[in-house]
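So, here's a batch of structures to check.
Note that chain A is present in both complexes that follow, paired respectively with chain B and with chain C.
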Partner chain A sequence: MYLLILALFECMGAKASLREGVRTFMKSYDAIVIGAGHNGLTAAAYLAGAGLKVVVLERNPHIGGASISREIYPGFTYSNCSYVSSLMRPEIMRDLELPKYGLQIIPYEGGLTMTRDGGYLASYTDHDMSRREIARHSARDAEAYDRYANEVLRQCRFIKPMLMQTPPDPTSFKPRDIKGLWDLGRAFHDLGEEAMYDTIRFWTMSCTDFLEQYFESEVVKAHLAGTSIIGTALGPSSPGSAYVLLHHYMGEVDGNIGSWGFARGGMGAIARAMAAALEARGGQVRTEAEVAQVIVRNGKATGVALASGEEVHARIVVSNMDVKRTFLKAMDSKDLSEDFLRQVRNFKIRGSSGKLNIALDGMPDFPAVPKDCPALQGDLHITDSIESLERAYDDWKNGMWSRRPYVDMMIPTLLDPTMAPDGKHYMSVFVQYVPPKLADGEWSTEKRDAFGATVINAIAEYSPNFKDLILHAEVRTPHELENEVGLTEGNIFHGELTFDQLMFNRPIPGYAQYRAPVRNMYMCGSSTHPGGGVMGAPGANAAREILRDLKMGGTGAA
Partner chain B sequence: MSAAFDVIVVGGGHNGLACAAYLAKAARRVLVLEAASDVGGAAANREIAPGFTVSACAHLLHSLHPKVIADLDLTRHGLSLSASDIPTVALDTGGKHVVLRRDQVMESLTAHSAADAAALPAFYRRFMSYAAVLQPFLTAVPPRLGGGGRQDRLTLIKLAWAVRKLGRQEMREFLRVIGMNVADILEEAFESDLVKGALALDGVLGTSFGPRSPGSVFTLLYRLAGEAGGLRGALAHPRGGMGSLTQALASAARASGAEIRCGAPVARILAEEDRTSGVELRSGERFAAPTVVSNADPRVTFLSLLGAEHLDTGFVRRVSNLRQRGLVAKLNLALDGLPSFAGLKEADMGGRLVIAPGIDYLERAFNHSKYGEYSEHPAVEITIPSIHDRSLAPEGKHVLSAVVQYAPYDLKRNWDDAREAFTDLAVETIAAYAPDLPRRILARQVVTPLDLERDYGMTGGHWHHGDLALDQLLMLRPVPGAAQYATPLPGLYLCGAGAHPGGGVMAAAGRNAARQVMAMEGVA
Partner chain C sequence: MTQPPYKAPLLESPLHSRTAPLCLGNEWTRWGGYASVDTYLNTEHEYFAIRNAATLFDLSPMRKYRVSGPDAARYVSRLVTRDVDGLRPGRVAYAVWCDDLGKVLDDGTIFRFGPDEFRICSQERHLCWFLDCAIGYDVNIEDVSERIAAISLQGPRSFKVVQALGLNDCRTLKPFDMTHFDFDGGPMTISRTGFTGDLGYEFWLASEKAVSLWDRLMEAGQAYGIRPIGSRALDLARIEAGFIVPLVDFMPAGEALRPSRGRSPFELGLDWLVDFGKGHFVGRRALLAEKERGRGRRVVGLDIAGNKPARDALIYAGRSKQVGAVTSAMWSPTCKRNIAIATLDRPYDTMTEGLWVEIYVDKERKWEKAMAPCRIAARPFFKPPRRSATPPLDY
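Moving on to the complex of A and B:
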């Protein structure tokens, strides 16, 4: 009886798809990747490299997702969302030959924090230079900086190998998972007893506590704490924020751990190089092809239906969208279990960041900093105490943008003149914290502008001629990030980086190995391990798992 | 130096007394030295007005370990409960209070939110099963990692197995929730602010976290792992106040032959040839013993009593970095009659009344503490123990005992200047629910974190001798190198709340330390 019903369903399914095929001129691929963000393109390029026929479907007329650059104001290229590169895995750069396709990363020197009393603290990629800078503020902290740098480096070395690995399932008895756990345990054990304790503490403590173990000077702590709050729903004193600090340290440029760089020509250059690598491997990208729904037949993904009504079919479907968008918007809830949907709804993805992109008529003055200070090429901050970072967080919790926000300003045109006309500059201003919803209701144009003014006024306190130089400013709140880029709640990491959402818990416990609950469907976005940042690791890891399922393992994916 | 004692216990708090009792039972010659005029530490009574007795600091039993009660025969030594399995009442400004008691669905909850009434039993059962995973480890010596021996590996394997035994689905859920914040987990399960606030309070009581701080779920689980009156996750009142519990412990210790001297503050722990040799009192009097067990907090033990010169710098740095910043004050009131809480049934007055109407309320109360301010609208846990126990107040009169959070130790204003204003605020906060409270007050007293440090010797005024949080637990508590009760100085041990499994009137640290001493030190 059961078999009969099953057979009947099979026939109906086949008949239905046949009918649609006739109606819409059926196209078929080996793999469809939904979304041309950097992870989608990475996954697609690896799959194409293994010989699959791949198409990437992108809703926008441009590719890149959040790694994008656009000319919004004539003559200026903005890195509209993400703005620096460091987390990009070098093995992906190599495998996809991105430099060959035009990607050039320009390393920059470091950064600085301006203080309220008119001073500043700079940091550099060179350890000794940073140490001397810190010594200007506290001799004791300069000594502690050696210990600090060693500890951070040790933690980075421990975590780095995990980035390009599929997280083992701790509940599984499969040999592969047991081996994965064993390797993890071994790597942990090899740290040595003392370091094992320090590592557990590091993963569970707050950034404030972590820094207070080393430093006494407020500005030193504030300067280092900034990266622990970027993109998070945590304050520097929230447990778990020490890990986020590390998440931003893990990057490397040309093999230098912890260093950062600009993509020449803006962050869009990364996506462009990836798309070129994909096309060179026979894959293709279709823009203005918005996926409305993933088509599931008999528990298997068989393709997607576009908003236009067109259907595209493939053996497998890979989603680069965040996990909420994928399962709650682009899928029919009847294709998923209620239990799984509940877990997706419980996934924490609160947005907390905003962005200003500013075209400047010239280089703004920062009277606190000597004009020839090389750190001006890097990250410029104006938050000089942990307390003000914490208060900025409290505003966010109360449903308003921070009255004194943490900003990470950068002027990439100091190193990359291709992004603005001669003598003029492009400034990228990352802002933390900005809530996805305000206590007094939804975002509006007026509120967005008021938010922009808050940020501009804050910067102007440290740069008297800044406002006069502004030619144009693009203001982006989580509302814009959601609507234009497709980031749910405007969360730049496709989900918060807290330990309940990392490793084998990311995005959903039991679904951390890039496979969706529907057969032939996969996830490759930042919602999956190891999370956000322009890293490419989720895309590469997902491609490896797909090829494994297709018994095509070891064909290109790292 | 020939010693009259095998073991000296520094400090007669509940853990010190439990440790002494266990050691004395094992035929060790034990001397307990207590600085105050009576034993008890922060588990003591105080007469706040003639005839009015109140638990000075800790006031509810939720985790006194049943093994300790049984092993030391505490019931025979006078421990009894005046009330057990008391409910928690989430006070509502509108008078529509909700009564919660473990997994029982009360009428008030159903009336308040049918959805939450439906969700409560499953939520509770799930969390109790997670708490059950932790429970056996309360009485285990924390394992050393890497450098440890077979016993350490066995403990780790047991822990892994306990998690595995939950089953696949629940194990996954356990590994997810263990590091979460209590606000998120409650928002996943419940809709009512009042219910969420009351449940969240248990995730932040006594810690330096707010409900949105990751790790607060763990604090909640830890609390549920305890038991009182034979019920896990229940609350009880000790008859005669918390002081009667420590009196029972002292009586048990003496009955086994331990000597207890009060009014004998220890000034120094002595070391000779890299080994503990005894202690010196502030009076200059010395006692020799090959083993010293300290019930004082780790900072006092290592930095004040022993001295950093006996320890290596890395260890001293770890001790100095312990997060031990008290955030809780205690309000004790003598009342000329029962206050009337609007809308509260008389039967519920004997419960634990909590003012925590919502996650946001709690989080905002917490925010102040980050900047050295006390909460503008604090969270409060109120009990009126004299309802159950007429020995605590004269006929017709009552004592009210309340935990008020957040009241940070490192207040920007001086606590001595802020005391009156803070007391007024605490009373007003309660009076918002019980308008006649202010005119019923005969005497009032506040124990601030600064008082806790000065009068009870707790660094930072922290009830638990250091936050019970993921980064300060198990083999990390209080610091690596001293997490197995033994310290870097041979012969010196820790037995206080600073050691595993931490504070709360549990006495497990005292018991575990005694067992470790017996395992490591031969009889002299």
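Moving on to the complex of A and C:
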């Protein structure tokens, strides 16, 4: 932060001349950011903070992308897409002073999985409590959990420093790339002999294989396996799913690694705070300003054409859209090489998730769980074996939503009083698996409702009064996520988090440093390193690269 | 319950029967001879309840002194450094009192119940000093600590809990106002005070009624996410609020062995608490002299780079000259800043850049030293509008 401030003072001169250059245009900016998702807003706020004149163009009448909360049913605020926060980098919250603009992340207590036989397994933040809880299911697993947690944390330590760094290009001989690779190699070496082998295995193996190394209890494995499939078109036994589990562990809430929390007021509070931070820095957000195409002249991006026909010009264009939407929909294919386009087409971005947002007239009963169990405040699940997770995935492969879906269900109003009237509750239900295209044709309203009914019935098996309490439900399939939010195929991470699409291969080999193949154009969405999850890191990293190109940056934005 | 001291070295608060079963982690600390809950189970969750919902803290071990009699106002005015004449009945004031050398003995709150009746609340015991200072005054000083219990209700939703108890009159209470109610046939005082820098109220009543009040508060707070908090969570909130604590951020003059350890109100950054215009008070002459020559050091807030809390860190001007030390430090979850309260020697207490803290970091039992740049920051670090808005904001 301090380095950046110093660097900015040094670059005041450069900034002034840049301003001078663009003042000749009307409606002209230093930078346009396409899409007011959390990464677009992050990038914009950093750029505006550096003194650039920035505008964020958003297609929808509301901002936030998938970091959004809206009142659809009176009195209730839904976190319509993303619903919990952990990965959001604290450096970014600090740099952009997001607390000043109302952002508050409240950590929650653990979670639980209800079992078919009427029992449950909970996890708690208290270590001793968790160990005793696991021991109810397996004394051996209770101790194995420590070994498991240790391994996961070791991997987190390895990855965490990379999150806020531009991935080094292994084919480049630039000093910074060589240094980046050297640092990476050294961090890898520092893991120690055994962990070096384990790391390679970890990044490529399946979650099932990983968990089998530690645990014997089915429900313990199922409880932990959930995070390996969230947002991913992989089954727990597919190679690569172990990394997705890690991706969900590497966040933190105020230094507590792996801890998750609610954004008070819903996930839209994150985007709102970012937009306020952007505006305080002199930036601007324009809603209902859909970008139809990026304008390219002489191999350089010079602005965008809006769907309305209006043109907005800028020195720099930054896309917060996913890589497919950016290059296949918002650009003229003539402006890009065939080789690049082929790779974009091959980028894996398969939708696999749906979402139900439910307004409840009261707290549902879960007879399996004691009423005062604090884990009810956390994530609730009803899939008690890896086998059934895998069967749920089979349905997806067959072009059908899971008949027995995996749910990541939460009742944020147990901690956040702002989202529902007193005594009533908002329930967020993330659902896996839901295909973007069905075997029997396109999604329709009827099919969407049938999917919603499947989920509600599945939950009702564990909660007899659940259906009676439902006041309203918003059902979202990949179809809605693509058309309303703009996520290609409804993929929540802007592209699969598999090893072939991570680090210097994300999104496209050779284009991992946030620069598009067209000059003056950049990518800042979750298709870029380090990927999705309301982290803000792609946005901050992209801003740093942009400022670097403008010779306005220090060594780091954070 | 009159066990000899060798069987029960620590006193139990009137609320012990309620707090003990809830203290699931069995983490206790000592406070003025009482067993006090350090953490019920999870400090982090308790802390967030202060900033997000509503919390109860057993404040009973606080020392409470009743000061009454025709000379009460003159006496209190002589005792503390701030003006007390302007303190109307029904108001509360934060104050410090000094020894003759102008060094702070303690801080506390003064409640004015009537023209001739005050209550002084403090962390430490001061009966001796208060009696010493009473010579020549027609005043009665009584330690009522055991008789009066206190519960602190703090958090953005605390007024909702107050309302649920039917105490709507509290709506108009401004910060540092107090009002009185009847509770179970006895008097109860509610003051809009607290140590969290958030919206909050403190309830004062006879010790034997405390359990009943605690139960009613817990019940009324169910719908508002109420939870009891221990002193660790409270300490995090008070650092964010920028409050200093004797024995932590400074040595009370009465307890320091080294005479140089005493701190004046000026050195503590409490200049606003010293009123030279009100007539004589203990320490006045020394403080006037200090004002003349300038203080030697000052307590300040710090904003530190990075996220490693700078607990007990030394502070340097440049990289080598030691100019002070951190006394309280934390990563602030609410501000998302790495904050600290520190004492800096003059003139470094006004330096705008070039200050560094030396942080020792435990990397799995391998200690490493990190130098982090810092700058002086305004306190309170956290000052939400809801802290002072009247009527309370719906949050």
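Throughout what follows, the second predicted complex is superposed on the first by the 530 of 558 C-alpha atoms of A that agree within 3 Å, B and C clash if a C-alpha of one lies under 4 Å from a C-alpha of the other, contacts with A are read in each partner's own complex, and residues count from 1 in each chain.
Convention: a residue touches a chain if its C-beta (ideal position, glycine included) is under 8 Å from a C-beta of that chain, and two chains touch if they have at least 3 such contacts.
A quick note: this is a predicted structure, and the numbers were derived from the prediction, not measured.
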So in the superposed three-chain picture, is A:P170 touching just chain B, just chain C, both, or none of them (first/second/both/neither)? first
Can A:D126 be said to touch chain B (first), chain C (second), both, or neither? second
With the two structures laid over each other on chain A, which partner does A:R94 touch: chain B (first), chain C (second), both, or neither? second
Quick check for you: in the superposed arrangement, does A:K397 touch first (chain B), second (chain C), both or neither? first
Greater chain A contact set [chain C / chain B]: B
Is A:E109 touching the first partner chain B, the second partner chain C, both, or neither of them? second
Once the shared chain is lined up, is A:L415 touching chain B (first), chain C (second), both, or neither of them? second
Counting only touches as set out at the top, which of chain B and chain C does A:F499 meet: first, second, both, neither? first
Chain B partner contacts - residues on chain A that touch it in the complex: 170-171, 189, 191-194, 196-197, 200-201, 204-205, 209, 212-213, 234, 237-240, 346, 348, 387, 390-391, 394, 397-398, 498-500, 504-505, 509-510
Once bound in the complex, which stretches of chain B touch chain A? 144-147, 164, 168, 171-173, 175-180, 184, 188, 209, 212-215, 314, 317, 321, 323, 363-364, 367, 370-371, 469-471, 475-476, 480
Give the list of chain C residues in touch with chain A in this complex. 25, 41-42, 44-45, 48, 51-53, 157, 223-225, 305, 307, 331, 333-337, 373, 395
Chain C-touching residues of chain A, taken from the complex the two chains share: 1-2, 90, 93-94, 98-99, 104-107, 109, 125-126, 253-256, 264, 414-418, 422-423
